[in-house]
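The structure under discussion is supplied below as structure tokens; questions concerning it will follow.
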Amino acid sequence: MDFSTVELTPEQQAFQQEVRAFLDEIVTEEVHEHERRTGDGFNEAVHLALGSKGWLFPAWPVEDGGAGLDRVCQRILALELLRARVPGITASTTGLVWAAVELSADPELAAQLKPEVAAGRVRFCLGYSDPEGGSDIAGATLRAVRDGDEWVLNGSKLWTTGAHNCQYTFLITRTDPEAPKHKGLTMFLVPLDSPGVEIQAIRTYGGERTNAVYYTDVHVSDRHRMGEVNAGWATLQGPLSAEHGAGRPDDGLSDIGILMGTREFEDAIDAAARWARRTTRPDGTLVADDPVFLDRLGALVVETEVSRVTPGLMGRVKSSLSYIDGIAELIDLVGPEALLAHGADGAIEGGVIDYAHRFAQGTATYGGTTEVFKNMIAQHVLGLPRLSLPGSKQFVR
Amino acid sequence: MERFELRRQDLSLDDDQQAVREGFGDFFTKQVPSSLVRDAEPLGFDADLWQRVVAMGGTSMGLPEEAGGDGATLVDLVLVAEELGKVVAPVPLVSHVVASRLLARAGGADELVAAAAEGERIVTLALQPVVGGNRQLVPDAAVARDVLAWSGEGLTLHTLAEPAAHVPNQGSTPLAWFDPAAGESALLATGPEAEQLFRTAVAEWKLLTAAALVGIAASALQLGVEFAKSRRTLGVAIGALQGVAFPLADVVTELSGARNLVLKAAWYATHEPDARPELPLAAFVQAAHAATEATWVSAHVQGGLGFTVEADISLFFLRAKGWSVLGGDPGQDRRQVAAALLAAV
Amino acid sequence: MDFSTVELTPEQQAFQQEVRAFLDEIVTEEVHEHERRTGDGFNEAVHLALGSKGWLFPAWPVEDGGAGLDRVCQRILALELLRARVPGITASTTGLVWAAVELSADPELAAQLKPEVAAGRVRFCLGYSDPEGGSDIAGATLRAVRDGDEWVLNGSKLWTTGAHNCQYTFLITRTDPEAPKHKGLTMFLVPLDSPGVEIQAIRTYGGERTNAVYYTDVHVSDRHRMGEVNAGWATLQGPLSAEHGAGRPDDGLSDIGILMGTREFEDAIDAAARWARRTTRPDGTLVADDPVFLDRLGALVVETEVSRVTPGLMGRVKSSLSYIDGIAELIDLVGPEALLAHGADGAIEGGVIDYAHRFAQGTATYGGTTEVFKNMIAQHVLGLPRLSLPGSKQFVR
Amino acid sequence: MERFELRRQDLSLDDDQQAVREGFGDFFTKQVPSSLVRDAEPLGFDADLWQRVVAMGGTSMGLPEEAGGDGATLVDLVLVAEELGKVVAPVPLVSHVVASRLLARAGGADELVAAAAEGERIVTLALQPVVGGNRQLVPDAAVARDVLAWSGEGLTLHTLAEPAAHVPNQGSTPLAWFDPAAGESALLATGPEAEQLFRTAVAEWKLLTAAALVGIAASALQLGVEFAKSRRTLGVAIGALQGVAFPLADVVTELSGARNLVLKAAWYATHEPDARPELPLAAFVQAAHAATEATWVSAHVQGGLGFTVEADISLFFLRAKGWSVLGGDPGQDRRQVAAALLAAV
């Protein structure tokens, strides 16, 4: 067991300083303003700058476009990116997809893409969810039909976040509608500039932008197929299990669980705590001295402490649901000023609590709903039986 | 405390009350499509709709007959407020009705009461006592020139040349900072009577807001249930799965309790105002809770779609908290509810 | 809408006085002590005394052994029985079963039982739950096989509360194991003194006694069959739907919802409130002046107010679950004295909070679990579809 | 507050810690069948078992080597306490270990420390400050002649001729009223140092109790999961239904968080006691919550059977609240957690 501060070598210390200085320079107020305006989770200039340092794939050797960082320096970098609030959603989906590309793509294609991805010039997004499919990715209906050396795609996907900033989407398609559900799927890496691809913005009240992507007679070369035909489920597993947090090294240099929004929740809690220290009630007493405020704020702080130590998928569920409950309570504690918008007269720290309340709601859905994860916890942690439903194994339209 | 008192527990509406519910229900459903709500953002005020609400009698019904009103009871008014909440109508009806009633009770100038009854002048109420001249956020003050406020000195009517500047907020309400020093002010009442008038008005505001929150919860639930019936996964409607059905069952349970507690509180406030003065506060606590739960559960049941601004649930989600927070921490209300019990046992 | 105090006629006032005086006399401290000791939910002397007044079936005409009370007097009586804490579980099961007896029993048998039941000399309990069956009453496995004019019963039932104080159990049996689940059931009114019936006590940590009842080659006359053979489900519906609160007159003289334990919860809350008024903290302040105590106690009071107005089955779920959550919070607010047992030095009002905490847990199971009722709310209030399971319609062993 | 500090987040146990967990786990599992727990009711003390715990080193391990102990850390001690909680062993180990450590730190008489290390004298701790000579309920005081208590005057050892009379309670613990005026008393320390010693001991008591509550939650969960796997309804195991599976998944989630927070708090208390002094309190809040939820959910999953005294879940249910309540209102701890944050942001 070890919670100690990591002792840095002189080189690691220098690296930490370098990262901080570099991020101070590139992550300007304009970057934050751009993110607030677009909700893209991506800033091209910042992304390319990180790529130029090899920090998009920091563990890769320098000759592959990485930075050859050890685990400690990787952790330093990750924490500094968080501290600097670098928009990182497209960087993250690109990383997830790369694992599958490396494993399943035509080696020549992979070799050609690798330096571009490392440099930040090529980026990937996830083409997983059907409009009607929800969390049941294996129920994909988007059709891919072979046509000589090409495939023709027809259908649509929702929640392809970052599609408008990416070069390829990692797309799950149905190639055999007659086969059992998981055996009729094939994955493709589809160039997003292909004719017939249409990207439509979807905005969330969390302030993010995601996309619906429509595919009409889109021709994609067989070279862009990932893995075997009808073996798409296996191709997809790699990045998906990475997304679910499996296989992290156990050296104490990762978070204990998968955290959804804990940073945003803590930002709001910290802002409320500072607000309490400077705000007096009508009777002249400081909010910070109000035992009721402390009792209820303390409950929220305990929730964040618990979220940070709840492991794996359980942390995923805990962090999201305790955030959603807790941010509502935090607003009650602070009152109407908590919900003033960014820029409004009297907004607390730029509207951080208002933002945290809106943002919270999405955390219970991204990458699978909390219900999907509760099912997995019940089955894989507790060993409870799975309920057999008509579409569990069969492809049901 | 008498726990076994022989009182009726009858929540049924009489024909007149049923007519109020249906009349305003039809009105709001027809007049307020979600597009109108969106178009009125971010201020949260539609002047045309306000005129139609006035024409329906919404601004005058709650005033006594001698003040040009219809003498509607709080039971009638909560029925209207629930229907308003069901469509999150962008009109300052709750604050205006409560402030108008207060104005009439406090002996406000007849012309002003008449103008309020006809909706020409919008009136609102500062919900927190004014202390040391500090400014406070006041609901609907961005569309109201007249603000009633209470301080140690008494109950005062503050009149500005123009409504104060709008402060953008999550609930898209016409919220504004109220500065007690701005504009002209006229003292309406002093002493314990003024305080009592103020406390009653705040309780009425919380009760009507509770009713509006019940309406929000009811519409949110309906959207969630419709989605759960039609959206399928793994070959079944998602609403057949207990992981979806149980939270929705919990929502209808909380919502039904909130609605009935609002009605019960309104009955007491109308017929025996001194018997259970804490009930409007209890109703507010429960309705705020029910609306928070209902909108989150409904949005979540709708998956990613429930998180988009295009989905109507977004309108209800943002207002559930955005409206209830205007009343301040429900903890204050819980403490008064507890204090009432401690005085009674 | 009407919450007014009911104006009593002089006769109704006199009746109220009569009830109070009578209960003062018969419900002695020894009755409460007996109930604490046995957990029977029944006191024979009190039951017979109520029967002698016609108050077990107060709406029945006097000539039938009732008291011919109007609705207001019925409500007066019900409230006074609650106020006096008269143990009433066996009175209640007897009432439930009677509805079915009247409807489905051999008329001669019913006529013979009616005066005995009204007088309190004959009492009924519910033989519904199989040991393995939980809330799925229609999955009953206890076998009844015809043998001439008799039926032979073999099997067992759990949760036959009051069996040791009753003359008959209203028993659900399986008469056709091959038929669809709900079509192979038959109801009987089984005399509990029949050879082969064995009653075994089961004690709950709520302090109640219930029973397992074993049936070994129990012969019961066909005259004790209730309703048609294999039509037991229909026979059972009457009392079950009464138990679920359907069909109450809407004159404001009943509770709005079905309350589970709200009285016990309110007893505990009231005791805690009185405790707060007389108790000082180490720093000399009165607990009743502590805003944290008031905030959190107020939340519990709101829950009881909500429970009392939540209708029907929803009230059933709300009252039970808010009580279970709330009593745990109330104990936190009061501290260790809250869990001292009845009679212990320092126990609060005879251990009322300790008792309420133990008792609460059963309220979520009696008469069906809260999950059963949530399913019913989802289907019948919201119109959500029912999940089809292998044993929904078929008898599955 | 530094939210992005570069610290390790490593919860893995080393070999010695693993040996402590397994050694005491085996011991308690073998020595404490549920029949032994029942037989020890209502006092909650089994003298034979106590001797065996002493022989295992349970009473000495947490004392410094110079006081005849093994210098075990709080990490070791929480592992032992969790295993104790898993079988709800009727021995006053938590209070005794904490009070013994306090006694040794406060310079208690060598003979008494030695007798405590050997379990011959059972020592306990009054968890609330003594004010105005008022009596208070003290855990395990019905089997301990020696009670440590702190008042404005300092830290005092109170020694009685006989342990105080047992006060029957829901958790079947050897609870008793402690009267500061009874018996002989000896002042051990005064001033801020005495207060600091006392606060540290209370935090240790809450941390070890939190660990025991995690053990209670873990056993309750196991009983519930076993039942949910084997009990069938409508042709499926009840654990396949989300209405059963989700509450159990919530329990394992809360429990896992509680266990890890206990470990983290124990690590800080051992290695950097001044860095996060509020963590033991946060762990206690969470563990009390997890045990309350786990035992109620498990009992409820088991239907009527889970409500009977014959079912083993009853032992855990009654102790989850019965043990945690001895530490007083978790609200006090939440306030200290919040105060720590306010001082840090």
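Labels for the chains are A, B, C and D, by order of writing; each one numbers its residues from 1.
Here is the rule we go by: contacts are C-beta pairs under 8 Å (C-beta built on N, C-alpha and C of every residue); 3 or more make two chains touch, one makes a residue touch a chain.
Source: prediction; values computed, not measured.
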Most remote chain, CA-based centroid, reference being subunit B: D
Contact-richer chain pair (by C-beta pairs counted) among B-C and A-B: B-C
Cα-centroid distance, subunit A relative to subunit D, in whole angstrom: 39
CA centroid of subunit B to CA centroid of subunit D, Å: 48
Touching two or more other chains - residue numbers and ranges from subunit A: 291-292, 295-296, 371, 374-375
Subunit D residues counted as touching two or more neighbouring chains: 236, 241-243, 246, 331, 335
Sites on subunit D touched by subunit B in the complex: 241-243, 246
Residues on subunit A engaged by subunit C in the complex (per definition of touch): 290-292, 295-296
Residue ranges of subunit B in contact with subunit C within the complex: 1, 3-14, 17, 75, 221, 225, 228-229, 236-237, 239-242, 245-246, 248-250, 252-254, 256-258, 260-261, 263-264, 267-268, 271-272, 279, 282, 285-286, 331, 333-339, 341-342, 345
Contacting residues of subunit C [partner subunit B, same complex]: 1-6, 8, 16, 72, 75-76, 79-80, 82-83, 250-256, 263, 266, 269-270, 273-274, 276-277, 288, 291, 293-299, 301-302, 305-311, 314-315, 317-318, 371, 374-375, 377-378, 381-387
In the complex with subunit B, residue positions of subunit A that touch it: 129, 132-136, 139, 158-159, 202-206, 210, 282-283, 292, 296, 324, 328, 331-333, 335-341, 343-346, 354, 357-358, 361-362, 364-365, 369-371, 374-375, 389-392, 394, 396
